[in-house]
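Just so it is clear, A, B, C and D label the chains in written order, and each chain counts residues from 1 on its own.
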Amino acid sequence: MLVVMQSGASKDQIEHVLKAIAAQGLTAHPLPGATRTAIGITGNTGAVDSRSFEVLEGVKECIRVTKPFKLASREMHPTDTKIEFPQTTVGPGHFTMIAGPCSVENEAMIQQTAEFLMGIGVKMLRAGAFKPRTSPYSFQGMGKEGLEILKRVRKNTGIGIVTELMDTENADIVEEAADIIQIGTRNMQNFALLKRVGLARKPVLLKRGMSATLEEWLMSAEYVMAGGNYQVILCERGVRTFSDHSRNTLDLSVIPPCKSLSHLPIFVDPSHGTGKRPYVPPMALAALAAGADGLLIEIHPDPDKAMSDGAQSLNFAAFSKLIDSLKMLAGPLGRTLN
Amino acid sequence: MLVVMQSGASKDQIEHVLKAIAAQGLTAHPLPGATRTAIGITGNTGAVDSRSFEVLEGVKECIRVTKPFKLASREMHPTDTKIEFPQTTVGPGHFTMIAGPCSVENEAMIQQTAEFLMGIGVKMLRAGAFKPRTSPYSFQGMGKEGLEILKRVRKNTGIGIVTELMDTENADIVEEAADIIQIGTRNMQNFALLKRVGLARKPVLLKRGMSATLEEWLMSAEYVMAGGNYQVILCERGVRTFSDHSRNTLDLSVIPPCKSLSHLPIFVDPSHGTGKRPYVPPMALAALAAGADGLLIEIHPDPDKAMSDGAQSLNFAAFSKLIDSLKMLAGPLGRTLN
Amino acid sequence: MLVVMQSGASKDQIEHVLKAIAAQGLTAHPLPGATRTAIGITGNTGAVDSRSFEVLEGVKECIRVTKPFKLASREMHPTDTKIEFPQTTVGPGHFTMIAGPCSVENEAMIQQTAEFLMGIGVKMLRAGAFKPRTSPYSFQGMGKEGLEILKRVRKNTGIGIVTELMDTENADIVEEAADIIQIGTRNMQNFALLKRVGLARKPVLLKRGMSATLEEWLMSAEYVMAGGNYQVILCERGVRTFSDHSRNTLDLSVIPPCKSLSHLPIFVDPSHGTGKRPYVPPMALAALAAGADGLLIEIHPDPDKAMSDGAQSLNFAAFSKLIDSLKMLAGPLGRTLN
Amino acid sequence: MLVVMQSGASKDQIEHVLKAIAAQGLTAHPLPGATRTAIGITGNTGAVDSRSFEVLEGVKECIRVTKPFKLASREMHPTDTKIEFPQTTVGPGHFTMIAGPCSVENEAMIQQTAEFLMGIGVKMLRAGAFKPRTSPYSFQGMGKEGLEILKRVRKNTGIGIVTELMDTENADIVEEAADIIQIGTRNMQNFALLKRVGLARKPVLLKRGMSATLEEWLMSAEYVMAGGNYQVILCERGVRTFSDHSRNTLDLSVIPPCKSLSHLPIFVDPSHGTGKRPYVPPMALAALAAGADGLLIEIHPDPDKAMSDGAQSLNFAAFSKLIDSLKMLAGPLGRTLN
């Protein structure tokens, strides 16, 4: 249910509606817009009687939302979500780069990568301290020590940090270290984790599950938003199909329907999507052209010596070249690369 | 690496090898067999030098294991795993039934179902107290209250309990309530959860992920076993494909290669696999014929009133009829239904 | 549209309805049943006015058929289709074996295989004279010479012949040589070929396309039946998914919904479905238990020397053993192996 | 096997090598390049002895080709294939548009569409006279009459014609009417048809099969090329996956590996790929950015009245707007739109 306030509704009137919603044991989500405020209602197991809100002062109308996702739906929030960071912006008009190594390997390489990125105008660094690995015997990441490195590099360079949270136990320390908390593909339906980051005060980058439909993906975003954290960035990273020419099948075709159903920004990770270095730049350009809001790219000072995923990492020179190509297309497409 | 002891090796000799393994910072997994003991070694990031163990007394040979999974592999543990419960047995020669409602709805229906099952010789009841639901607004299960119900019904009837664990927070109470801890399909690669149940003293039923390859599935079993819990039961429950004639595509064809690669028992869940009641019995019979070790079947006293998954639940009469059909085939196939 | 005649309707009354249908430019398909005759109507591009037939004498009622397939649907033809051959029967109560090498390699091996099969009571031999091969440089089959061999062996031994037709050019000679014309998986939607075999006087075994839904498959059967050839046998042979433990993913789960939607017999080809010899027998048993009407199995006097698909072919001893296992299960399932 | 001639090899020397290849019962495919000629050898079932050619005059070296496709491989033909038409060019530096309705509905609409296209600089019209339809009861195309319409419109306007061939029976008349013969997705492995168009003197547009791997697709191109027709254009049109947000999953990620393995041009059909009008323009732009050589787009003077596939057809205004957007990106990407 969506309660749409009149365009001149007062703060008191809005406050009164919020209380009326709470009084029925429901959760109110105020969604301020350019001309008016709308209030999403969740928490109902059955149907909500719209008449009890329509009679309140300042209420224009009540709209039943039929999609199973509500807070994530464009119906409820028609304008694209914009997320502001001290360093950069995610949202309409922008095309935002996030780059870095698969995992934190040591402080020197993270510092070196951050300096390189800031030097070419990329303000967000990705690097995993906790790594989801198929095998229990593979390198599992540097853990807390890795987070400390990320915090120091952020302090030194001013770069924003994107890093993965794998379990609720480490939620506090990852939330502290991260500017964006990444939820990995294997955890897209780890509902305990989604509920936890719904309480976080940092934006969440939610990777699509390996065989998740668009609706399931948006329902997982809904889990986060239902907790009160509306800053969700979706990230397509390749799905699993019969196709064997790349590691996964990067599904750029999900971008237009996603934009149509939801107001949330959508990023693309062509590194995991293709799994092979030479395929990353063309798919990065295609993601921009298809309407994505940004990219997540694996780079490494020396990809052939990377502790994980070296085959899909670009070196600095290749990444600089890609940035140049992206800038060339961003202009005609009405987007600013940042 | 697998250290194979001589058939007459003494306890002291075995103990000595275990210490030598630990001294190198590696983890030893003693695997007692009918005629000799083998000792699996894990925890090595690089290659292990076999010569340091071959020279020890009582050691017959050291075998390099090439599969990425070790403890789960048939190479390391040639005989089928057998798991004994007070009520029943899982493993070679047996075909073990687990049945019950999707979720604990109230005590009466669990008690009723348990009495029905014990009455027809089925000794394991499945029911979820914590439910993974795609939507944050759907019924999420009765939680701790549901576990209390399961514990009381177990005490009243003697039936064994299979119930799902969704997060590490509730691991202790689920482990206490369960005879078998179920890990759901969406958590097959929730590595924090796998590590936690690796420390549990109860067997784990590990459902296959929606688009997991056989190797990834066995690697997830390996996560549990690497923690020291060797009692893992695999459960096929349908994978995600283009096919739309059923909810998922039940992949019975995974059974023979799974039996060839691993010694772990494999169950089949035709209820989730097909999603439609009339398709459950034929797929249940086919699972038995294909070589599965048991079934997980959704039943409900009144399926049309079930709070979740009613469309795929059998009523008691249909389940009794299925049991009769299974018994008819189990004999010729050299299996005992229990 | 289905015109259902009264149970005592006379031949004249039926004839009269057939003429009335033809008079509207539509095609009538008389479907004689145990107690009454029904007449399927196809050829309409828009809706047909049922009232023009309901007023005719002997007509009980007119039923609108909503499925896109009509002649293939159980709605239109409630009883299972039975196909009688001089040697054997396909249909309810039977479980019919078809076996033989992938391709005709020479006369001796076909004669040897036919004698072996007749000796153990298998009355249908499969072998390809024309082979669909992914590469233009691979062995493409013996062609017409292969058909001559099949005809001679049929004459010598009395065995029925199942062989593939790949193009309309060779339709006449394949139809002459075959007791069952096989349409391969890559030609499931070769509509020119389907129309041609719709005119044939021999039953058609229609393999499921590599990524065909059940509805598309039944629509292809409908193409054949719309031409007047109602003797269609469906054959599941594995579909294409992400799964990599076998050559294809044998989809036994299609059997129950297929039986529910259609009256046509459905066979299973576990040889192509799994691609690996040791997986064939368990999947064959599972197909029987799941409700299939028969099997298509690759066997070869010396599988390791086969010109194609040796890895998935059973030798004679392994096949004999499988027949014994199948017989053991067929009895309890109320089926006769033939 | 690839025989590479010296850069100054004479015509006589080349002729001599061709004869030597033929003398061994093999097929020679001369591939003239900018600086030297190479000669592909096919038709060998086993290994070919390279020494018999290396000793001939003018031969530089013999290279063993390990990919199962040879003529389609970049190894054998390093420079991108260029196909020249009277009206337009397909190949490096170009981005070539093909547009038109799903099927020929009448002469007026084809004439109107052709005039519109020529007016905005698009020189190739697509329209089907023979339509592959899932149902035998759906509109199957205007057939020969449709071809006559296409021929007259070509004569009137000078536009090139792309039209589908579905069976060998109509090969002659389609070849006569078409500038490019289209082979549809369901016929990608209709080997009889591939062999027939291998003998045609018109370029072939080969759509990817619904679940074809890149290798299988290139092997089908190889079938055409092995017949002597080297003018093959590949066309990605969406593959079948679990994903349900669009009709098919348009696999743009196949473009970079295809370019790496093969010299053949690759087009994209975002109309069939997405199945929904609003998704066509973003995916068209993405295809250009990903490195495709052209597009196949469905347009219709009045999409909502189209006899087939209206939901995925653009009207003329939307298509003109798309052309403008494509031109804006083509420049920076070093491509000329034609």
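Please note the rule applied: a residue touches a chain if its C-beta (ideal position, glycine included) is under 8 Å from a C-beta of that chain, and two chains touch if they have at least 3 such contacts.
Owing to the predicted nature of the structure, the values given are computational and were not obtained by experimental measurement.
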item	value
Interchain contact steps from subunit B to subunit D (minimum; 1 if touching)	1
Chain whose average C-alpha position is farthest from subunit D's own	B
Distance between the centres, which are taken as Cα means, of subunit B and subunit A, whole angstrom	35
Rounded Å distance between subunit A and subunit D, as computed from the means of their C-alpha atoms	38
Subunit A and subunit C: spacing of chain centres that average the CA atoms, whole Å	50
Where subunit B touches two or more other chains, by residue	211, 240-242
Footprint of subunit B on subunit C - complex, ascending	211, 213-214, 238-239, 241-246, 249-258, 260, 273-274, 276, 278-279, 282-283, 285-291, 328-329, 332-333
Residues on subunit D engaged by subunit C in the complex (per definition of touch)	42-45, 68-69, 132-137, 139, 166-169, 186-187, 189-193, 195, 209-211, 216, 219, 222-223, 226, 240
Contact footprint of subunit A on subunit C as seen in their complex	211, 240-242
